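Working notes, beginning with the structure itself.
Chains: A, B and C, in written order; residue numbering restarts at 1 for each.
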Amino acid sequence: MSIEKRSSAFEYAPAPESRSIVDIAPSYGLFIDGEFVEAADGRVFKTVSPSTEEVLSEVAQAGAEDVDRAVKAARKAFEKWSALPGSERAKYLFRIARIIQERSRELAVLETLDNGKPIKETRDADLPLVAAHFFYYAGWADKLDHAGFGPSPKPLGVAGQVIPWNFPLLMLAWKIAPALATGNTVVLKPAETTPLSALFFADICRQAGLPKGVVNILPGYGDTGAALVAHPDVNKVAFTGSTAVGKQIARTVAGSRKKLTLELGGKGANIVFDDAPIDQAVEGIVSGIFFNQGQVCCAGSRLLVQESIQDELLDSLKRRLSTLRLGDPLDKNTDIGAINSEEQLARITTLVEQGEAEGAERWSPACELPSSGYWFAPTLFTNVTQAHTVARDEIFGPVLSVLTFRTPDEAVAKANNTPYGLSAGIWTEKGSRILAVANKLRAGVVWSNTFNKFDPTSPFGGYKESGFGREGGRHGLEAYLDV
Amino acid sequence: MPTNAPTAAHSLSDVTSSDSTLRRFLHGLPGVDAVGLEARAAALGTRSIKTTAKAYAIDLAISMVDLTTLEGADTPGKVRALGAKAVRPDPTDRTTPATAAVCVYPDMVAVAKEAVAGSGVKVASVATAFPAGRAALEVKLADVKDAVAAGADEIDMVIDRGAFLAGRYLKVYDEIVAVREACGTSARLKVIFETGELSTYDNIRRASWLGMLAGADFIKTSTGKVAVNATPANTLLMLEAVRDFRAQTGIQVGVKPAGGIRTSKDAIKFLVLVNETAGEDWLDNHWFRFGASSLLNDLLMQRQKLATGRYSGPDYVTVD
Amino acid sequence: MSDRLSVLKTYKLYVGGKFPRSESGRVYEVTDHKGKWLANAPQSSRKDARDAVVAARKAFGAWSGATAYNRGQVLYRVAEMLEGRKSQFVHEVADAEGLSKSKAADQVEATIDRWVWYAGWTDKIAQVVGGGNPVAGPFFNLSSPEPTGVVAVLAPQESSFLGLVSVLAPVIATGNTAVLVASEKAPLPALSLGEVLATSDVPGGTVNILSGRTAEIAAPLAAHQDVNAIDLAGADEALAKELEIAAADNLKRVLRPQPVDDWFASPGLDRMTAFLETKTVWHPTGSLGASGSSY
């Protein structure tokens, strides 16, 4: 008996991850001094699932008074926390790492619900990296004497940390793990569209028995973050987010003794030479700009392709994009999830319209968008030059601008021709070309024959207007030590 | 579209005019980054195939099995049993599809042919001094002709890995062309590279193109007789090759991973590779096969599970 | 003492390897600590600052691209040249800071030794602050320090030579190029240093030296979009805050002024790492023989 061929041969049936593993409360408070509390002025805001616009929960919104309360709690906790032997601090962090591993499926589903990114990513990328980051910095807590910052380096005090919505829990880990390992205490503000995983993390801190006040979580909007970084009793400010806000924070802390690290925007160039391993390059390009719907500061949002292979590469790329599966983020087979918010969707839409108006050629695979929620189809722009807005502005969405070059020199010149300097990619089978080009690129992370790889041991951060300071690795300790 | 490609596509015909042009062509193919290739194969391996899609995939996989016995101890009785199993894999459920073929040594072709007579199940025969391929060309051709004369529908030849690794690509090419000729018009030719011995992904890509240029109807990973046989990564790479070859020449070539695929879960992963790399045109047993033996029973047990909702056990499938 | 009338030196800026006057044509009086006239120094304008940035940017490629060994040789050559002109600098430092000859000699000798210290660092700092990262995957991953780019350096106001070199040398040892604003009231040792650098194989534009009103020159430097970092050592609290705010426009790396009790103390690494970026380069490794076909 032979098999009847279907019209579309191999449709994957829906394979949704179970939502029942996570229990989202109808409301959440601020987490201050080990307790969930209401905001002083009683304000709350709603957080929605961007794939359905369903309201997930109502969350207390921290104001200036709450910031002050949280900073006081962190200051009070600092004395004992910083005086603990490093080996004891380490054990708290190891506990946290382990609890995150235990609860990783729950947290992955939660993150997917609140952020809109595919479960495949939260399950296979975000959560493993979160646990690994705590595990890595846990080990540093009692080894700081040997970290290359002199004997007995001291913590700074209270760290005010403001994180974005694109990797809510991972960015929290990047901020909190090194801060606690080095003996600081923390007041952290998650993004207003993705507060839930940070509040679940508060619960993990309680499960781990972390002393009260060591970690404080203040959901809120930009004004909450502004109050936090401006608070006079904050010793350290760490921010991940847009370059415009980063500059504002740099002005705010000017003239103070606050130590500042900023991890900001990017317009990463992914350079494909004519001798590249093409199939892997196509995968790297796809991961570079469509991972997390392109809402990644280090996205490879500019494809610089050697003119001699442009047609071949674009054909391959378009064929590959046609296989991307967009839809329910909880479905295990979804490659492209929802855009995080209505506001972000509007920004992407505006920039893409501008790209078309400026004469770039727009292409998307045939792709049906769900009727509710915030969605944007994977998009390519060809015939793009350095002068186009879509080649200069960070779009922070699933939009790739394709430019061409003729020689390695031209590739480097175009890659560097941006105020940003966070990431870059190089695809070539020629080793010396990789090293020569990597050497010339003004970017903090250069992926050669790969893209979007992250590891807690590996320092990450930008050149130029992509910010300063490094997160990850031994380098990441410096931001939280008085050195 | 022709199912057989007895000569190289016209656009590439000058490639095989000499050893040096062939070498230049094969070494000019894009390189393969091993980590990226394996990562892509692994990522596709995380696809979750459930319910109706799973039922479809299991039947499709069953229909793609080249049910194989290649033992020194093979007897007519063993081969007849295998043939019966190929024709009716699950005697308790007649809706179960037949396998694509049985695969035997040349001296067992006649027996196999009789066992599957009238069923549509093909008889494939390994030939060319399988599995090592270490014999004179005349011996290999005699081996092929013998199998074809006995009625083989398909010939699974091995390439001369020694010549390939020594860089004598034209020798490998000429040998495939000669075997192709010996197959005549009736038998389709599967070319086995023994990827485990070629060792590098770059070599597997070159061998794939070499085989397709020489007229292979199928390219096949392995004999099943070495340590490393079919893997998701080397199969993905060969699927890329047939995809690109068709784009360039219009000629479609099939792919057969063989050896080491034992579970339904594995088989479905390979089908996902096919679906998302070469595409649905290859999701048919004319273009994709599994060289396997124990895989079939696992597919049957999974099929029973889907039908009944209970997990099945080895006593509920036949051991042939 | 003879009756011979000495030849006075016309102090000039040092920009792009040349010795221009201020484009503004302005000079200001430099006196010793007792108010005695020593010389007229160029009073740089915002355009001089701009020219210096252009020169520093132009020089950046070659200086940052030179081998670390070569930069070490050049810095050591500076020490050699200074050693030969020690008495001139002792004289200038004594006048500038009101020090005895022997105290001034201590300063100059420490300054020469500081060049030697940094000459040795050029080809070691990368090993101390960079290295391989043991990432959890089949990747080779290396973090290396790289110079930030063009660094504006406001030299300390009090320590006219030792302080000056202590802030300048780490900037160029690490491959940056510098626009150096000399101590406002004691700029002469800095301007003379330009003459030494010009004869020490330091490529033109690597170090550019401006004299004048610190606040006037620093403002356009802090706001300049093609300056990557600024060392505020020579700014007072109010000026430092103002400059730090201006520097945020292109997110310059800012080294805030820090009290220095003793410029003789061992400098440590901080002034080098302040102006180094960390670049991390990844490449897949593959794993030999792990699956028979994995490379």
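By our rule, a residue touches a chain if its C-beta (ideal position, glycine included) is under 8 Å from a C-beta of that chain, and two chains touch if they have at least 3 such contacts.
All of these numbers come straight from a predicted model, not from anything done at the bench.
Q: Hey, which chain is the most central one here, using CA centres?
A: Closest chain centre to the overall C-alpha centroid: A.
Q: Taking contacts as defined above, which has more of them, B-C or A-C?
A: A-C
Q: Among the chains, which is located farthest from chain C on the basis of C-alpha centroids?
A: So the chain farthest away from chain C turns out to be B.
Q: With centres defined as the mean C-alpha position, give me the chain A-chain B separation in Å.
A: Inter-chain centre distance comes to 43 Å.
Q: Give, as an integer number of Å, the spacing between the C-alpha centres of chain C and chain B.
A: A distance of 68 Å separates the two centres.
Q: Approximately how many whole Å separate the CA-defined centres of chain A and chain C?
A: Taking the mean C-alpha position of each chain, the two centres sit 36 Å apart.
Q: Would you give the residues of chain A that are in contact with at least 2 other chains, written as numbers and ranges?
A: Residue numbers touching two or more other chains: 449-450.
Q: Residues of chain B that contact two or more other chains, please.
A: As it turns out, chain B has residues touching two or more other chains at 33, 35-36.
Q: Which positions in chain C touch two or more other chains at once?
A: In chain C, residues 139, 284 touch at least two other chains, as defined above.
Q: Which part of chain B faces chain C closely enough to touch in the complex?
A: Against chain C, chain B makes touches at 33-36, 38, 195-196, 198-201, 204, 227-228, 231, 233-234.
Q: Using the touch definition up top, name the residues of chain B that touch chain A in the complex.
A: Going through chain B, the ones touching chain A are 30-33, 35-37, 39-40, 46-54, 56-57, 59-60, 63, 95-98, 120, 240, 271-272, 275-276, 280, 283-285.
Q: Hey, which residues of chain A end up touching chain B in the complex?
A: It comes out as residues 1-3, 5-6, 8-15, 120, 124, 275-280, 283-284, 323, 332-333, 429, 449-450.
Q: Spell out the residues on chain C that touch chain B in their complex, using ranges where they run on.
A: Residues of chain C touching chain B: 138-139, 284-286, 291-295.
Q: Using the touch definition from the top, list the residues of chain A that touch chain C in their complex.
A: 132, 148, 150, 243, 246-248, 250-251, 254-255, 257, 262, 264, 419, 434, 438, 441, 443-450, 453, 455, 457-461, 463-465, 467-468, 470, 473, 475, 478, 483
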